[in-house]
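Since the structure comes first, as structure tokens, the remarks are kept for the end.
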């Protein structure tokens, strides 16, 4: 259904339920939807499962959500970073669950959810601890592991520019998980730095078509960087 | 000096020092064919970029969604929306392209990258790779894109020191650390030599600052030619 | 006149003629919620576009890679690079987006389209759809995107005549033509009435130019409310 | 490896072997690589398996290749069209094999080949003749059918513009199968109307990155249309 434009980030995140699975865009700090996460903290939903590449940097964004005690479980590829002390403390004290997924498998499992694929066979992770207990099958002489979709109740993503139909374009490597997560959640909420009238984004350049975006909100870009945070 | 070991000639350079990290990076760069699409793993392999000839048409991939990555950004070039997989700000070269994460890893898993170079904790004689987890029960596991790269790139090169700080070899009969991928490493570039793991055993191509005989003693294996 | 059949009221309009194709298209258009993303199948369903209110924010999808499809192109507007799924030249509306085939069908299969409207040879009382193949051994089979749409759209509406030229009903206990999808049709819009197939049997919502009793006789089924 | 720019279409298609599986872009006439197909006819490879959405229109492009007797088998979603008489005659006289695949499954099977996915479960086609004999599995209460990748030896595609690195952009709905096929074949050959220096295509708008393109050749766009050809 049509994309709605929310007046505030609080309005944009209204209604997120306790226990939701929340897909959170960004690779480290690039593309992280800071304002939506701050709004989610104010909104108060807890017992969340967060799916994101990392588990938070410093004490902003995802790290702030973790620090607020709202997250029961993190599904990610790379939780431990030079500045991931919020996650590290929660994990070491047994206050948060962790599921580590190879980065490409994480992306592909969300892509599968968005694309109506019931499951897929991947050669990644075979023979490693991350494939333990998973079903395998040999295809063309190569062992594959069966992977299932990861679907979100909500996705929080950050893009560069939107039109009023919800079409999104991103900026450089801040694109990362946004377009995939936008396909994989029941309710997709995007923060963007600019919302322009329909027709002002060249249809050849749209990365996320508006069909995937439920709610839009304008928020200033907060571009932070941490060297070597990976 | 060139020694015949089985059928392959070995370039044995016991008379010089082991390679420095920069020499090793330069050595690996020489082995990357012109026109290749390459992913350089986080950490030391990143340094190889400095030794790739500018006119070789080698294109760098970063798994967070870019082909045509340029050198690290400095000063005003720094743009937090443009980083490499290590989250270090980088630059964009002419002919670059951006794409999302599912496309980036489809590219990798689908065998479209010609070469990747990864660091390693251990590589086994048959090419198993361990580079993501020390197995320490206190360590927080974090894999990133390592498994995808190990399985996806057409040629997987490893760049590492041959011996750990305690002197134990990192080329081993069987990895004791948790695996990243099985039988996936094509060549291992180390400060003391260049090795080719495989089902028939470990070959040595070149040595630096050590003889083949001494390598065999320290690795505890008969190197095959 | 409204007749109670079980618990649901039926709008029985035996006093008027069956719907013309245009009336049927307009009737279906009324049932498509404002703001929907919609795929209109090749053939008659295409005509529904003419009856969608311009201000309802309904966005048309064409499976060959576009959202925001406009009306058929005429004269100078004709651009062979811009067609609908029936390969008829069409136009582009503000806010359109282009994408490739895998993305287009991922969108469909992933349940992102609110509504699709398809033609049909037969629909069974429980909602099986047959619309791609007559089963004639001489016919060349061709499915296009019919199966993907039947399975993927959140609501699958069928637009068809209720009776074939020989008078036999196209709403049947079991499809005799090869299936496109099973239990996938939500509503069937026909010239003689609007039907809702389902596991409990066939409901009728509205009739045109025929009584419920006569429908039951011609379809050979007790319609449920 | 690097994209090479061929001087002629004949040079571009050199070396295609008898018995190859050739992915041919286009949806009907839009996006069909007419000049590459003509060159392939001159080049002479036969006994081909062609994977394309349709099986040719009129007597141009794919229809001309079929007419020349070079195609053993067609894998497509919609062979029969108002102007598909070349295919129709071959099929009815038993001189060509046909595998009909639902359109989205066709695209996804090629996507799987390009993405290193060994196989995937799809809900499409279940209970229909096109799923007969295929393995099924119930996932989350829904029956899925197991589908395997379709990989090409060669892909012939048509795009709008390229840079010298092989980055491609397309034009409107002529994009269709091109980007997917470009990922799914060993040798990818693209015809484009214009080749510009690297750096002249905005990196945010590249649809097919040059990594997927082996050979490029410039050829005038031949934009043909047939109403209702589907």
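Note that the chains take the letters A, B, C and D in the order they are written out, and that residue 1 is the start of every chain.
As a convention for this text, a contact is a pair of C-beta atoms (placed from the backbone, for glycine too) under 8 Å apart; a residue touches a chain by one contact, two chains touch by 3 or more.
Predicted model, so just to flag it, every value in this text is computed and none were measured.
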* Structure fact -> Co-neighbours of chain C and chain D resolve to A
* Which neighbours do chain B and chain C have in common? -> A, D
* Asked: Farthest from chain B in C-alpha centre terms, which chain would that be?
  -> C
* Asked: Just how far, in Å, is the C-alpha centre of chain B from the one of chain A?
  -> 29
* From the C-alpha centre of chain A to that of chain C, how far is it in Å? -> 36
* Between chain A and chain D, centroid-to-centroid distance (C-alpha), Å -> 33
* Asked: For chain C, what residues touch not just one other chain but two or more?
  -> 66, 92, 98-99, 106, 108-109, 151-152
* Return the residues of chain A touching two or more other chains; collapse runs of consecutive numbers into ranges. => 108, 111, 115-117, 122-123, 170-172, 204
* Structure fact -> Listed by label, touching pairs are A-B, A-C, A-D, B-D, C-D
* Residues of chain C defined as touching chain D within the complex -> 42, 62-66, 78-83, 85-89, 92, 98-102, 104-106, 108-109, 128, 133, 138-148, 151-152, 178-182
* Can you list the residues on chain D that touch chain B in the complex? -> 1-2, 111, 113-117, 163-165, 167, 183, 197-199, 201, 203-204, 206, 209-212
* Structure fact -> Touching chain A in the complex, chain C uses residues 33-37, 57, 59, 61, 66-68, 92, 94-99, 106-114, 151-152
* Flag every residue of chain D that touches chain A in the complex, lowest number first. => 108, 112, 115-123, 137, 139-140, 142, 144, 148, 169-172, 202, 204-205
* Inside the complex, what are the residues of chain A that reach chain B? -> 27-31, 53, 77-81, 87-88, 91-92, 98, 100-105, 107-108, 110-111, 122-130, 170-180, 207, 223-230
